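The same chain A turns up in both complexes below, where it pairs with chain B and then with chain C.
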Partner chain A sequence: MNTEAIVNLLYRVADDALIIAHRHSEWTGMGPILEEDIAFSSIAQDKLGHAQALYAIMHEHFAQPKPDQAAFMRNAAAMRCCQFVELPNGEYDFSLVRHFLFDSAEMFRYHAFTDSSFEPLAKLSRKVIGEIKYHLYHAQTWMVQLGAQGNEVSRARMQSALNEAWPYALGIFEPGPFESALIADGVFIGEEALKEQWQTFVSDVCRDANLTIPSDVEPAYGGRSGYHTEHLQPLLDEMTEVFKIDPSAEW
Partner chain B sequence: MTVEDVYAALMNVKDPEIPTISIVDMGIVTDVTVSDTGDVHVTMTPTFVGCPAIDVMRRDAEEAVDQAGAASVRVDVTFDTPWTTNRLTEAGRAALLKHGLAPPVEYDTVLDLTVLNNAACPYCASHNTTLKSIFGPTLCRSLHYCNNCLQAFESFKPV
Partner chain C sequence: MATIISLDPRVTRLQLESETPDTLKPKPELDQLQTYEVFHQQKSGARHIHVGSLHAPSRELALLLAKEQYGRRGQTYNLWVVNTADIFTMRSDDADVFATTPDKTYRDVAAYMVRNKVEAFKKEQQTGGTGA
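Let's look at the complex of A and B:
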């Protein structure tokens, strides 16, 4: 198996989870209603667990840094997350739409991973999908609730958030340098195949939500090779501030 | 020391978030082996990947088996056997109820989350209940309201 290819793949997925977890956690204490505050906080905690488990696999199998070091000691250029996850939360409509588009992709991604020839990833993924099911259920409920079942204002806001999010959502599937190796080794079905599954599902839900997916949009690529928006480095600075005071501290 | 002795010791280790239930009844312990020389190897699986209680439970399990007289103890946490709520024992489900938590709905192979819409109330057992939120005070709980006895309650989420 191509080790470099697997490490690259795992950093993409782990960094996505880490950064979206941080963004979701910014709703803690700030949610529009208590239940939503708890929902975003819980999802953040789950995602952080997923990131930690993935960093732990890389540490154990591929001699990568320990999870805390991997999460807190890399700068923006070293991060392999897509740009989508690093965008500021904005209004609640944008956070919800991003949550839906991202978690739909995660659901199909981890489902594909359950058949991975890289056994530690397959085992973890069988566990993770049980959790993402709840994340997606939450997101999907609100898409329909505020889209088709809301009023003119809520539908318009969800549509506008969808338009804004779409190019970045397509950026989730930015192909990496090792796509063919990962596919050939049976590690992963590849970003292109994943995107097809995702697009079919997302189209169905958006139709139920009476929302229109924008057409002819250029994907926002770059994140997977370390080219990020101006929002990532300030996020990292804040997230790592305490850890960097004493990286060797025992917690 | 026998495998039964180890399980007996582990029955005293509780989930710090739900102190009425042991890690054995919770289904967290997936395997126990004891060598001829009394070296114990325990395997555990976390309820949620990001469960903050797992390190405490791992440490408590080590201590409990050590105090029961094991020559040595090793506790590993792996995802080899994924935890699901179907792993809860009958005693475990009763312990949840005692704690005021509705036990998780049991299911076959594929879980449909709409089962949460009518969770049984832990106070009056009515199914005339409303799901308020699929996320609760810990990762493993959801929030409900009973239309029969007019009580808010929490349920252990099926996963």
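Let's look at the complex of A and C:
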């Protein structure tokens, strides 16, 4: 198996989970209602757990840094997350739309991973897919609630958030240099195949939610090769602030 | 110019007017979300136990939010959510219909002293009594 290809793939997925976890956690204490505050905080913890498990696999099998070092000691240019996850939360509508578009992709991604020839990844995916299924239910139900069952204001806000999010959502599937190696080795079905599954599903839900997917949009690529928006470095600075006071401290 | 007490919005947004303005009106009815009652089931086949309530705009969302609030700690097999308005119950001032129930010990299994009678009968058999 192509080690470099697997490591590249795992960093993309782990960094996505780490950064979205941080963004979701920013709703802690700030959610529009107590119940949503709890839901976003809990989902954030799940995502952080996925990131940690993926960093741990890389540490164990490919001599990468320990999870804490991998999460806290890299700057923006070294991060392989897509730009979508690093965007600020904005209003609750944008957070929900991003949560939906991102977790739809996560659902199909982890589902594909359950068949991966790289057994540690397959094993982890079988363990966490129930969590991701719930994350998606949560987001999807709000999409339909606010799009189709709310009022004109809620629908308009969701539509506007969807328009804003769409180019970045396409950026989730930015192809990397190892696509063909990963596919050939049976590690992963590849970003293009994943995007097709995702698009069919997302189109169905948006139709149920009475929302229109923007057409002819250029994907926001760059994150997977370390080109990020101006929002990532401040996020990393905040997230790592305490850890960097004494990286050798035992927690 | 006002002094900035804190940059944390959780602190600054607590700066309420010292006197309640006359314009403050209660929100119209139905402006708030509905409440749902949550019933938790620990294992397959076990009874569902009422564990609390929550706010949600629909039963679908109530079920999802119930998962977070009542299903994320400890073992859960399933949950029920029921719109609070759909629960049919007694008025609280009707509680007196139950008032004399604790006095009616003859309705309680523990009130029947069968064991005394059984033991008396056994004793009688052993001593070869003639019976009543």
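FYI, the second predicted complex is superposed on the first by the 251 of 251 C-alpha atoms of A that agree within 3 Å, B and C clash if a C-alpha of one lies under 4 Å from a C-alpha of the other, contacts with A are read in each partner's own complex, and residues count from 1 in each chain.
The definition used in the following text is that contacts are C-beta pairs under 8 Å (C-beta built on N, C-alpha and C of every residue); 3 or more make two chains touch, one makes a residue touch a chain.
Nothing here was measured: the structure is a model prediction, and the numbers come from that model.
Peer 1: Label the relationship between chain B and chain C on chain A in the superposed model as either fit or clash.
Peer 2: They clash: once the shared chain is superposed, the two partners overlap in space.
Peer 1: Which partner does A:E35 contact after superposing on A: first (chain B), second (chain C), both, neither?
Peer 2: The answer is both, since A:E35 touches chain B and chain C.
Peer 1: Would you check which partner chain A:D208 touches, where first means chain B only, second means chain C only, and both and neither mean what they say?
Peer 2: A:D208: touches no partner chain.
Peer 1: Quick one: is A:Q149 in contact with chain B, with chain C, with both, or with neither? Answer first, second, both or neither.
Peer 2: The second partner, chain C, only.
Peer 1: After the superposition on A, what does A:Y134 contact: first (chain B), second (chain C), both or neither?
Peer 2: Both chain B and chain C are touched by A:Y134.
Peer 1: Have a look at where A:K123 lands relative to chain B and chain C in the superposition and call it first, second, both or neither.
Peer 2: So A:K123 only meets chain B here.
Peer 1: Does the superposition put A:E26 against chain B (first), chain C (second), both, or neither?
Peer 2: In the superposition, A:E26 touches no partner, neither chain B nor chain C.
Peer 1: In the superposed arrangement, which partner chain does A:D185 touch: chain B (first), chain C (second), both, or neither?
Peer 2: neither
Peer 1: State whether A:G49 touches chain B only (first), chain C only (second), both chains, or neither.
Peer 2: First partner only.
Peer 1: Who wins on chain A residues touched, chain B or chain C?
Peer 2: Result: the larger residue contact count on chain A belongs to B.
Peer 1: What residues on chain A does chain C touch that chain B touches too?
Peer 2: 35, 38-39, 42, 134, 137-138
Peer 1: Tell me, which parts of chain B touch chain A in their complex?
Peer 2: Chain B reaches chain A through residues 45, 48-52, 78-80, 82-84, 111, 113, 132-137, 139, 143, 157, 159.
Peer 1: Residues of chain A touching chain C in their complex?
Peer 2: Checking each residue of chain A against chain C gives 29-30, 33-36, 38-39, 42, 134, 137-138, 141-142, 145, 149-150.
Peer 1: In the complex formed with chain A, which residues of chain C make contact?
Peer 2: 9-10, 33, 54-58, 60-61, 64-65, 67-69, 72
Peer 1: Using the touch rule from the top, collect the residues of chain A that touch chain B in their complex.
Peer 2: The contact residues of chain A facing chain B are 35, 38-39, 41-43, 45-50, 52-53, 120, 123-124, 126-128, 130-131, 133-134, 137-138.
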